[in-house]
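Both complexes shown next keep subunit A, but they swap its partner, so subunit B is in the first and subunit C is in the second.
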Partner chain A sequence: MMPNDFAYDRPATAAEAVRLFGSFDAKGKSPMYYSGGTEVITFGRLGLVRTGAVIDIKGIPECRALGYVQDDLVLGAGLSLTEVEEANPFPLLSKTSGGVADRTARNKITLGGNVCGRIFYREAVLPFLLADSDVVLAGASGWRRLPIRQVFRGEMQLGQGELLLGFLTSRSYLSLPHVHLKRRQQWKTGYPLVTAAALRKDDRLRVAFSGVCPFPFRSAEMEEALNARGVAPAARIDEAVRRVPALVLNDVEGSAEYRLFVLRNALADIVDAIGGE
Partner chain B sequence: MRLSVNGEERNVQSRAADTLLQVLRGQLGLTGSKPGCLNGDCGACTVTVDGIAMKSCLMLAVEAEGRKVTTIEGLRGMPIQQAFMENFAFQCGYCTSGFIMNAHALIASRPGASDEEVEEWLASNICRCTGYREIEAAVKSCLHGGVRSQDD
Partner chain C sequence: MEAIGQSVYRKEGWDKVTGKAIYTDDIHLPGMLHAALAISPHAHARIKSVDVREAEQMPGVRAVVTGRPEPLVGEEIRDRPPIAYGKVRYNGEPVAVVVADTPGEARAAADRIRLDFEPLPVVHSPSEAIRPDAPLIHERLDQYVIGVMTFPEPHTNIANRTRIRKGDAQKAFLSCPVVVENEVSFAPSSHAAMETRCSIAQQAADGTVTIYTSSQAPFMVKKLLSSAFGIEIGKIVVHTPLVGGAYGGKGSVQWEILAYLATQAVGGRPVKLYYTREQDILTAPGHVGLDAKVKLGCTTDGILLAAEMTYLFDSGAYADKSPDLNRAGAVDCTGPYRIDNVSCDSLGVYTNHPYPAPFRGFAHSEVMFAFERAMDRLAAELRMDPLELRRRNAIAPGHTTPTQVLLNRSNVGNLAACIAKLEHWMDWKEGRLIRLSDRQVRAKGVACVWKTSTIDSNASSGVILLFNPDGSLNLVSGVVELGTGTKTVLAQIVAQRLKMDVSRVHVRMEVDTATTPEHWKTVASRGTFMAGRAALAAADDAIRQIKEIAACVLRCSPDDLEVEGERVFLRDDPLTGLPFKDVVYGYTYPNGNAIGGQIIGRGHYILRGMTYLDPATGAGRPGPEWTVVAQGVEVVYDLRDHTYTIAKAVSVIDIGRVLNPKAAVGQVMGAMSMGLAFAGRETLVFDGQGVVLNPQLRTYRPIRYGEHPDYIVDFVETPQIDAPYGARGVGEHGLLGMPAALSNALTLAAGVNLNRLPLVPEFIWRTKRGAAE
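Entry: the complex of A and B
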């Protein structure tokens, strides 16, 4: 049972959601946008999240969007991961989000909730980083469309009361050669030692990772090393591993040394599959 | 709040912060959905909401307003229940209702599910008695029109 109660609202528009957030915020209610809500419920029960008001975004049409606008695939933040998997408009995203938690949990976990979550794996963001996707945000001064790489730096950098409505991805990225790997310590369900997503675009590899560092990332430096012309694959992979952008996780899932071993093998598999050697 | 549970409209008094599991058990007396981990890991509390398997510990009751909730009490003699008995697919029984509700959703939505799909779906539930082989056999016996044997 969650120790404290909260107000619950389910607005029908993004403007109303933002207005409600501001109103609850002004009353000191520490409001939260609520999508799948799995973290609000599980962390709330443990007293790790405390809010006086949740604003359920699943009644907002833009948050439930799944379709195309001109040349862009539009995916609403309130779509469940299984809805994305089953519609399968972006196969790399289907595979990556299909590795999150378990099937029944993915019926509840949403795209926006995973990307904005406190649990730092946030694996659903990886394909969007690789595909140079945009995000649409709603705030008190209106909507704005921004490149995800500008907004997501380890975690979403949202303004106070700003709401993630969804993701836009150019059709040109949706069917590119790709790889998704999720290496766990054991079993087929659970957190990763290393999750890697890779795309081949314009004869270059793009790679993004979760589970390596305490945040997901796409690294231009690692990609530069992986795509170095005239260098043997093993040497390119060694150099890419040297360029991991932050301290490597060292926790109950695996030591830093073991994670680097797994990362090296994952890169070898990626190069082998779509490296174009 | 009004909830549609097992085909009946029910009035409940609950906090917005109460989970569907709490309301089903504490308000409606439907104790077939089991509290296990309360963290979305074990699947013992699985119900269906509009036909979709949901862990009721991961859903606020208020989110279920306007949707059709089915618990194990609402199945009443479905083939998967008979299959669990015929295949001895339970030991202590605590996980059984969750497995059955998940399997019921699978059979209803994907009656021709592949072995890989069965494995993926059943990985959402945990049986501490480790009766997985029998559970898998029970589920598979209800797929493909019920024509597959345990040995398929």
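Entry: the complex of A and C
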């Protein structure tokens, strides 16, 4: 049950969406862009999200894009995770997003919603971080195309009223050797203790994580340690674990020290699978 | 025309699969208002103030109800103000109830109530609670009204103690060449039924109180409301439609009392109180926790000589059903074995946790986890096959139970036969620990369990059969249909006795305490036994009446008549007879004269020969029969990660007689999955202040599709002679041994004793690391 009434709008263009956002904002409505609505509903009923206006982005063609522009795969922010999984243009993304929630929820959860969401796992971002993807943002002053690693620092750094339209990923990354691992507290459901996505590009491992810290990240320092030449795999992994960029999560899913144990084993599996040598 | 032994579809099945079934929250009464709760954020705190002024001014608000010193409620000990007064004793305890025009308005106002608390020291476990210096959770335990068979110990946190003394355990241990001791513990958890608790209350101008509730105990709601609030019992009517899963959690009375207080505050207008999932986990009574110690002694051949147990049940903030729980655990404290010297102290202990409701198995999966872990340790000490140890000690007719009931061929099932079948299904000869690779092993664990149902000694059940003009009939029983299919089984029992088609037995699903004969509570796997006996009596009553009328018409003795296929006819001349439709609404002669009238069959059943337990020794007859079970679990375990999957789970139950095969298998399988979820993942997580950190299904996760093992369910049939067609209780038993069997399998796989639940990989990792250091 949503605790309050709210306005609903479904604009047909990004420009219209941005304009609506501005006008709702000016009226103090705390507007939100939404596509799947899972967080709006689940946090709304708890009073953790309060909005007077939701702007549905599923009517904006760019948000529904799924195809190629020149050498880039274009994925709209309003695609559901299961749409992306079924089309499967980027296998690592399919595997990573396929680990989120359950099928019924993924029919609603969208790429943009997962990456911009308040639930901090945001696992769908990991493949984009590894593939040096770009994002396209629409704002009051027009569109911007930016590298995702510049915009995503634990969470998306968007301007007020700025809308994520989608992701652009170079074809050259789509079918590289890769690994996705999701390790949970128990069995096959639940948030991750560690979600790891890894790509092998130009003979170097790239790795990105969710669940280790209260935000997803790709760490150059950890990659450097993992790719160190002439060092035994176990020592490389130990060094990478030492370089986790922030305090490790310690919560109901698992303690920090246990997460490090899980992380170490996950890295061993990644190195084993695509570490080379 | 056999109805027994057929997999008859559930009578309510079509409504359920099409979404048309009506549950309490689907009921909307004219002029109905809505209630919302303000709950305690603290586990233990003095209430300094509850400021409702702002809440009362919020739109749509009709009333705000806060705690009062009287009356106190509670089933075995009246220790609970329905709305907290003076202090709060658990996180989630109701502190105020807001009544408003809409649920949203009620919620918004409840959030504006300003609560001021002074935190008190928190008691985190029953072991902590019995320390001499533990903070007292109930300072006035000596002044509460208590039930028979409840023995609180004032000025401590002990709400009840049950003592079992059989033989002389202390002396027997002196002659035991082999002795082991083992301790286990686990925290409270939740039932997590699909339907959260919900109740509607209203009061008519003549004082009649009407309650709609999602409950297993509508008749208990009536009794408790009457005794707590002095309402004439005949002026309380409780309706229970279908219940969306209960598992014992709706056997307690709580949300109805709050709805009643809410309607009182608004002049009797109907008020609905619907628990959110968070409140269903926090506020409503949950699944009990336990700290336990088991000591076993045996001969070098593994023959058990003595057992000594301490069971500390986590009674949480209030006693309610916990004295019954700790007593039920005491009654079957040893597991299904012959042991001549038994000493057990089973306690219900107050803590600052949510208080317990019954939970499927009623203290048995908990106690069996403790006992069957100790049995595996004993087997290890003896270097004996754990199944062989159990076989050597298996309970059998001629043995006595811990409360000294002499067992015979009817009141206990055949455990040895269950063990033999389990051995087959587990492929026991293959070995218990099989290396699959350098990383993986496959390991097997077993447990044997039993259960009797320790319900009130005078609990009764009634059934009414009302015939329709076409010869079909309506079955009315106080059993609540909560997903077990019991009412369909009752229809099968009646159809079998009347030798008619089960499709012609219509079942009334809703219970309405004004017109439905009482069934004590729909708990304890007693629906089929007690209501089944009542249904047989009602069928016999109807047959007698049908024969009486037919005897007049056919000018014969009722003894010459037989009933079958909705006809009553001469035994030696079946063509001479009458169809039911000409008899069951009275018989009309060709000239218009009529005799008889609508046939109303009635029957009831009360448990026979149950006794209170002797307070000093526990001796007494607590239940009518013992269902015995042998169970096993097979895991595939990763030696590096300490993760595992459950490959297979097996239950072999002596069910007496299978009445409805698919329904029976479904019950057992459902119970097994619940046991594995409780053992493998489900627990409330408390922080250092006793606050629950996971009151949501995001973080409190029952077992899901894709996580289930292969389930194997098999039965042994040793009839219980006085039960309907010999059937024994089976609603709970699939659950009982799962925690023990899983932990026994994982203990073997991991090579360390795993004595806590849930058995998550982190716990195994921690235990391995602790053992290594």
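Simple rule for what comes next: the second predicted complex is superposed on the first by the 277 of 277 C-alpha atoms of A that agree within 3 Å, B and C clash if a C-alpha of one lies under 4 Å from a C-alpha of the other, contacts with A are read in each partner's own complex, and residues count from 1 in each chain.
Assume a contact is a pair of C-beta atoms (placed from the backbone, for glycine too) under 8 Å apart; a residue touches a chain by one contact, two chains touch by 3 or more.
Everything numeric in this text was worked out from a predicted model, so none of it was measured.
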Which holds for A:G47: it touches subunit B only (first), subunit C only (second), both, or neither?
-> second
Who does A:T189 touch here: subunit B (first), subunit C (second), both, or neither?
-> both
Which holds for A:M1: it touches subunit B only (first), subunit C only (second), both, or neither?
-> both
Once the shared chain is lined up, is A:N107 touching subunit B (first), subunit C (second), both, or neither of them?
-> first
Which of subunit B and subunit C A:V252 touches, first, second, both or neither | second
Given the touch rule stated above, what does A:E224 touch, subunit B (first), subunit C (second), both, or neither?
-> neither
Regarding the shared-chain residue A:D56, is it in contact with subunit B (first), subunit C (second), both, or neither?
-> first
Of the residues on subunit A, which ones does subunit B touch that subunit C also touches?
-> 1-2, 4, 45, 102, 188-189
Which of the residues in subunit A end up touching subunit C in this complex?
-> 1-4, 45-47, 102, 183, 185-191, 251-255, 258, 261-262, 265
Which subunit C residues qualify as touching subunit A in the complex?
-> 103-104, 107-108, 111, 276, 278, 640-641, 643, 645, 680-681, 685, 693-694, 698-699, 701, 703-704, 706-707, 758, 760-762, 765-766
Per the touch rule above, subunit B residues touching subunit A in the complex are 15-19, 22, 38-40, 43, 46, 52-55, 57-60, 62-63, 102, 119-121, 123-125
Contact footprint of subunit B on subunit A as seen in their complex = 1-2, 4-8, 36-38, 41-42, 44-45, 54, 56, 101-105, 107-108, 188-189
